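Shared between the two complexes below is subunit A, which has subunit B as its partner in the first and subunit C in the second.
Up next is the complex of A and B:
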């Protein structure tokens, strides 16, 4: 029984020059520079993964809408493209071709359409897709770190210039010729060495403990060099496809800020919190961590500007957004320092997505005309 | 006639898991393989039938103020029996079900049927209800376990189904806890669609 109805859009019903389509295509444009960097450093395979992921996301959206008898035009509003790109940006470049397809399809079908489509999803679909892939294929998702092209040719290897890190990398169980660890993996390894040193100390092997401690602090020292910072800024390092090139991600974010799409409070509070807590407990002891390294390494730049700032899954009030950013930043650093994974960006955002309704409930703007209650 | 109705009631119309949403804890926890699901289903069905029988038999003797402790004593007796028999004759299954065997005592399907059905129906009807609910519970667990074992391990009842290429990279999440919740929600959604198509309740 098909009959015409008055279609009511989601609130807020405000006249604006923005539309979902416009915003989404702005985000796509903002994400493209980082793709260029990924293709440059990781080879055309990275481009293929992104293409497959986007294709699968749009197709999954189309099929879901068709199946649920909702207008299929929603599939082409660009939001599925953004999800597809973000998911692909969150997987290592060395994954098999079917992995991003599966992840995108899950992100759209379960993370978004099962909850009622754009605007109704509780968590960021791309991050949910990543969490799904992490739980399903932990080995593929943590071992496919392709080293940037230039390293493979044996030239310009930043870890080699830092000497000591290269040596540690070679001792990693799965290290082979073409895979390289991410900077955060290397950092995590230094914390593991610290733990071994503690253990050795307890057993009375003080010489061994001293040696281990020296190696750990050597790694951390190497990671805090200017050359490391430079590599991290440019994106010449192991990592997920889209998270590596900090400069190009920032360029994209700047474009979004100029276009008025990106709300600056979320990224600032998130990255600020990461930096502060990196200094507080990001190093071996207290108050000697390296905030620059922690902000540049891993996925916090990608997460901070493109995922923490997701409009659907974050609080609506300015104050709520700052709380969200601080919470996510704190969780990121806690996972990085003490958690089982080297990087905590995606899980921290997912966890904060879940408490977004609570934040919105408690941080309410004062309604105009409201009178303070006398008690 | 009514006996038949009590028997079939638990299988689809008031399926304890998919319709009443009871017994979720063991349902989500032990359905990692079809074998576990069948074992758990058999154990729960036995306890359900036996406790329904005894509760119904003593329904006029048990004072209503202390009825819940009485039901628990009855249920716990049978659970202990099942626990010991399984430990003696099926040690592997007993080990893989682990804590969830003693936890049948607090399985809300069993207490729910004692309180909601057996204490006001004759013995035969109560036994029929126990059989029906037990079958319904077992079937529901086998359905979920089928999906979880197939996707998460590539096997069904330990038989190789999807081949070694799949088994090298199975969808691990299906075996893990989140997979249970996701699949359960899809199965329940499927039943909801069936219901609305039929123009049934709500």
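Up next is the complex of A and C:
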């Protein structure tokens, strides 16, 4: 008997239109508004840094795949573009042009391809690239701040630390203790003054302690005046290229939520932890911190919506994701409050990335009908 | 109408039921040659009791029950046996079929007609359901009489009739509910009487308002259910209807529930009232790959090719031919396979309808975890299975998977999750890789 022959395949025979590639390009689209803000505030230099970083990431991916004789089509699935953008978003706007190239190439080659490529990397490649740059070029990575919009006034001099907040603060008495540009740098200075005051108190030098405390609270006061919530929301402040414009980052996040790409549990648990921690420990005493400031300043919005929520390096279960978010939030705030860096977002995520396999190993959803079996 | 209920998890594949939902059931005569598989049910194949050259009449037993989880097989036609041979099957590679040359389809009353089932004891009815060879017609093909004989220590209090039909494309159950509601309702009554239960409801997805309407007008308790795949899976239906969870590795009767498909209920009614064995069923022939999709009342042993021809043949390219629905159905390499008691649909999908995506690496998006109706972690079971770590796959609950395909459906990387998990199940069940 003659019958037509058909192809065989495993069920299901239909599927969604969603694909890895579409998800990656959705993330790219979601990151673009913040790039517009970065260009507006920090100048075309910021745009160039992002472009170089993306180009280096894609090229590194292509070369790695070629070298390992793997299908090079992976280089164009959009994931390298995401890594490139995120790395550029995590460096100060005043870094030299070769820095993002080096960082991106490291991120892709060591952070991603060395582990087996897409889906197999343990830590977020962009953050690993940033950590690599921080360790290798600490001065470039912490001194390249530029004040927002200054490039249009023709005084672009990225080698000086001249963020908006600091400029204003310079007019204050005793402002010499300040050497950072971002709001979190300034906040860190005030905490350092607090520490000195404590020390002075212990040594019995009460007058000096009082003076130091007054300076610390003066700085915090000035910070709250100059780094208004509005400035923080639109991104008119010093900071890394992509982290400043909270509003546009949130717009991108909203786009991802609508597209069903963003798992909301991660950013919510992360930012929630940051906010609660900031309220409890973030001020001069207990329960007088400013949670809104802590969420808006620094990189937790970028981190929370685009890096804590990175699919590959975070747990797959709902419960695991909440644990991840809380853990990263706590680490971020511990670093901010008591650690050596003003901002702890990227290291906290890297540390939690390392714990992810462990979380996935032990946190599993209760299988349908499991409890009743044990009755 | 009460608020539609549902279960947690699941997904929403496009229904595509419009292709055939408006087409009334067309009863088609048996083809000149019927090929009756000896194994149309879950369990041991029946033993052939006829041989080449024998004359058989319609309804005659041609295969005898062979064990507890097994059923007899009957001839759907009057005719002559021309042989017993190996033949391609819709649900497995091949199996024994009894080939019969059809002479006619008239007469052939083997079983006595029972005007009022109340005159007969539950035990008699169970015996009749067994003799009539009725198996679950929703897909699993489990012998129905076994489900009607729960161990004495299990108290059954609820009978659920499954009219959900959550598989996209299929409309056989929907048409049955619209056109033969009395058969279904009589079947329900017989089943409830046999099991001794008072509570008896029929679950229907709210995308079939006509069917809900018909059933409610007849005074049946309808449980409206949200449109979501796999709402018709036994455990998910019970969850939505009663809030009870079937224990992992257990059976619905462990929590006092018996579920029967609407087509099974109708078959029970036919067997008890009319003395008809299970030799015909309703089949949806659909997909963009056939000229005119339709619902047929065809006899077991009809070839898929006959049904396709009845529907005007193929239209252009057919990417895939499937027995059943697109989510759990089995792809066939040929349309030369016979209809069985469990064949709910014949699906000819055009290239546009079949998902075309190259398999990529898991990006750990967790979509499969969100949608798994059994709360498993499909991606991790699949990864363990890919690496042949069977013990780990088992730890992750591989054996609980019912292969509904929801995870593969949503996977953006196009991973063959069901395939990997089924591999793991086979390996674990066959004792491979102990301790690995």
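Everything below uses one rule, namely that the second predicted complex is superposed on the first by the 314 of 375 C-alpha atoms of A that agree within 3 Å, B and C clash if a C-alpha of one lies under 4 Å from a C-alpha of the other, contacts with A are read in each partner's own complex, and residues count from 1 in each chain.
One rule holds for everything that comes next: a residue touches a chain if its C-beta (ideal position, glycine included) is under 8 Å from a C-beta of that chain, and two chains touch if they have at least 3 such contacts.
Computed from a predicted model, the values in this text were never measured in an experiment.
K.L.:
In the overlay, answer first, second, both or neither for which of subunit B and subunit C A:69 touches.
P.N.:
After superposition on chain A, A:69 lies in contact with neither partner.
K.L.:
By the touch definition at the top of the document, which applies to A:202: first (subunit B), second (subunit C), both, or neither?
P.N.:
Touch partners of A:202: none, neither subunit B nor subunit C.
K.L.:
Report for A:18: first if it touches subunit B alone, second if subunit C alone, otherwise both or neither.
P.N.:
second
K.L.:
Check whether A:368 is in contact with subunit B, with subunit C, with both or with neither, and answer first, second, both or neither.
P.N.:
After superposing on A, A:368 lies in contact with subunit C but is clear of subunit B.
K.L.:
By the touch definition at the top of the document, which applies to A:110: first (subunit B), second (subunit C), both, or neither?
P.N.:
The answer is first: A:110 touches subunit B but not subunit C.
K.L.:
More subunit A residues touched by subunit B or by subunit C?
P.N.:
Answer, by number of touched residues of subunit A: C.
K.L.:
Is A:132 touching anything from subunit B or subunit C once the two structures are fitted on A? First, second, both or neither.
P.N.:
A:132 contacts subunit B only, not subunit C.
K.L.:
Which parts of subunit A are in contact with subunit B and also with subunit C?
P.N.:
No residue of subunit A touches both subunit B and subunit C.
K.L.:
Mind pulling up the subunit C residues that touch subunit A in the complex?
P.N.:
11, 13-14, 168, 235, 239, 245-250, 255, 305, 314, 318-322, 326-336, 347, 349, 353-355, 357, 360-367, 369-370, 373-377, 379-380, 396-397, 400, 403, 405, 408-414, 416, 418-419, 422
K.L.:
Which of the residues in subunit A end up touching subunit B in this complex?
P.N.:
Subunit A reaches subunit B through residues 110, 114, 132, 135-138, 140.
K.L.:
State the interface residues of subunit A toward subunit C in the complex, per the touch definition above.
P.N.:
These residues of subunit A touch subunit C: 1, 3-16, 18-20, 22-23, 77, 117-120, 263, 311-318, 321, 360, 364-373.
K.L.:
Mind listing the subunit B positions that touch subunit A in their complex?
P.N.:
Those residues of subunit B that touch subunit A are 169-174, 176, 178-179, 182, 185.
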